[in-house]
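Order as written gives the chain letters A, B and C; numbering starts at 1 within each chain.
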């Protein structure tokens, strides 16, 4: 009786793990800290060898990685397929743009807007979450998609507030108060994004290995059994939506500050699909995987500008191909090994501390 | 107060009011016709969603693109026939050819999609075919973009201007044509699903694939047939939209696709008559809401309705027929 | 004294009367059996007690508290743990993680605690891990704590499910066909194990079972359902001799064999 509704998302993480080559998860599993440290150092030094356009792209990758980490909470951990994720990104961006631009003559400092925008995005996440609580997986996908479109349409048409398709411009650059330093070059924003990214990953990682994260995964695996273990399904679903949304809202604020002007066209369904795709390509549930996914999906097409025209074409075909040609068997064993490894590490930390 | 107003009303004012009220009524009637036209197109596309959902319990996300490609196929056929001078002299034959081509292209494309993007994933977790469908949708959109470019293609005018008069309401020929042709297709489909052995096989597969296979039904072929029929209807709908709005591009599949899906959900997904009712209903709601709220929000109305229905009555107006397990 | 008391519990699915005015009670430190042919309404009764289904009428109280309209997670919190007829572990979590999830309602740390990892969260986690290891040891799975649940052999999965249910710290444990699919050796071990649950942990246990040897071996009292109606209740030996019970089982074996399961159970 459970097989049908259970079949919706339960084995998603497991199955997406099979997509990643085995050695990646093995290496990541064994030398997790070293890998992360190396990646971070690389990310820190990278812009020094890049021109300003490339740094801009790197920042873009970072923003998408951040959103990926947030969506991963919703889709990867909690198993709720959200196709309207861009809405929260838009909410964050427009919150900052409205509070810190000539539009209403408000110039609230960037650092104050962040918590406000994050809270508004989280609230929007809950508001989206409430009606879809009892929906099955694919209905959920369509309704969230509809939600994303509604937000975009409203932004596009609510001219007195958002100025419609013309968008909002002359958005304030963030400045650091005491030393009166204003962030205005791609490099500045790159480092801001890097900090936000690391923070997001840290939070997501901590959540994953906690009572909250376990409740999410349990819910993804089997809702009824999770409820029988005392997991409040409503609370944890809404929590997943809220936390996922707040990451996107945070990213949106940075995006608005960085771009200086934003338009409804920045927030199309394709952004949601891109974020979802990078979460899947990276191996759902894996945070370094999200970074790799962001580099592949956002970075590569920008580098290969010549194929720009074919970019989306290839992207679409890639999505289909990825779903079909997943190597079976031996990689799922690799996942199991890395899982055991992860637990051992944790276990030894616990017993020694 | 009220009485004085009434007593002081001049005969001229009364006539004026009546005319205004008449116009108002005509306006509503006009919107009803618009709604029915749009609604029948939604219904045709919705049928594809609902039938596929019935047999596979998956949302064929790329169905809107089948509709779009069908519209292109119709456009090229129609343009070619007119360019050859054939269209002007043999209107009826031209229409038949155009619809046939679009339906064949739509049907074959849908079957191809099933074969390439969905069949290998039939036993995979449910997210897999959905993402595969999103991928296929992006692929088709951009394939059309790359091949034909981003510019709008303009459908040649097929129907003469003017229309049928019903009292004060005039219905253009194209609308009459769309409404009647859609009804004919729906009736045909209904008979097909209810009466033919392939239709019965479809219903059996929708109930239970494994048992159907045990009963000697070729499940793969039945599913392919479902896609064929759904794709053909979407192709026909594509031509109708082309003729109705006269302009098409590679993006026209997305929003109508979503709305048709909404219609399918409204009618209870998996429910064939439900999709028809849902389509007409959505078309009417959209047309009437245009009277009350700015037209730019008509898509918001459709999506809002979708969310609302799923919250209040997740099984649709007529109830979900298949996939109830 | 009664720990769980159900009065006139009725549940209908469309036209099907799945549970019909059932009175039932179970005392502290008691093992009760719920038996009956397929489709008799046993699992539906379980689902009503655990809050999965809401009864159409009747009352249920647990420890003198009415639980009729509570959600499943609240009922678990109050102290009713359960297993499922068709094992429902968290397949891609390890054995240990499964048991950790079982402790969910006994732990307190939330989002902030998870992110900050303050002292109380750390202590709580350490405690939860230790307890999970103990529980796995109690069911004999200490060697397999890092195995993914889906990779465990069938008998281990059954035991893991019990360990997970025990992790919720139940006062009353509901076991839905715990020996389904087990060989005689495993069934014997399980019988012994269920007895230990009562003697060592002082639990009340309600079990649905088809294996009469197990029912006879451990149950203090047996309740028999047929077509949603309670047709008999008493000691296992009494039930064995009760003509109505014999009729319910034998009278329908011929017809119930081909179409296994009416779906209501």
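By definition in this document, contacts are C-beta pairs under 8 Å (C-beta built on N, C-alpha and C of every residue); 3 or more make two chains touch, one makes a residue touch a chain.
Since the structure is predicted, the reported quantities are computational estimates derived from the model, not experimental observations.
With centres taken as mean C-alpha coordinates, the chain found closest to the middle of all protein C-alpha atoms is A. Farthest from chain B, judged by the mean position of CA atoms in each chain, is C.
Rounded to a whole number, the gap between the C-alpha centres of chain A and chain C is 39 angstrom. Spacing of chain B relative to chain C, judged by their CA centroids, is 50 angstrom.
Centroid to centroid, with C-alpha atoms defining each point, chain A and chain B lie 34 Å apart.
In chain A, the residues that touch at least two other chains are 1, 10-11. The residues of chain C never reach two or more other chains; the list is empty. For chain A in complex with chain B, the touching residues are 1, 4, 7-12, 15, 81, 131-132, 134-135, 137-139, 141-143, 145-147, 149-150, 153-154, 156-157, 269-270, 273, 276-277, 280, 309-310, 312-313, 315-324.
Taken together, the chain A residues at the contact with chain C in this complex read 1-2, 10-11, 13-14, 203, 206-207, 210-215, 217-218, 221-222, 224-233, 239, 243, 336, 339-340, 343-344, 347, 350, 353.
If you check the complex, the residues on chain B that touch chain A are 57-59, 116-117, 120-121, 124-132, 134-143, 145-146, 254, 258, 261-262, 265, 294, 296-297, 299-300, 303-304, 306-307, 310-311, 314, 325. Per the touch definition, chain C reaches chain A in the complex via residues 50, 52, 71-73, 76-77, 81-82, 84, 86, 88-94, 96-97, 100-102, 104-107, 109-111, 113-115, 117, 121-122, 124-126, 128-129, 145-148, 151, 164-165, 167-168, 263.
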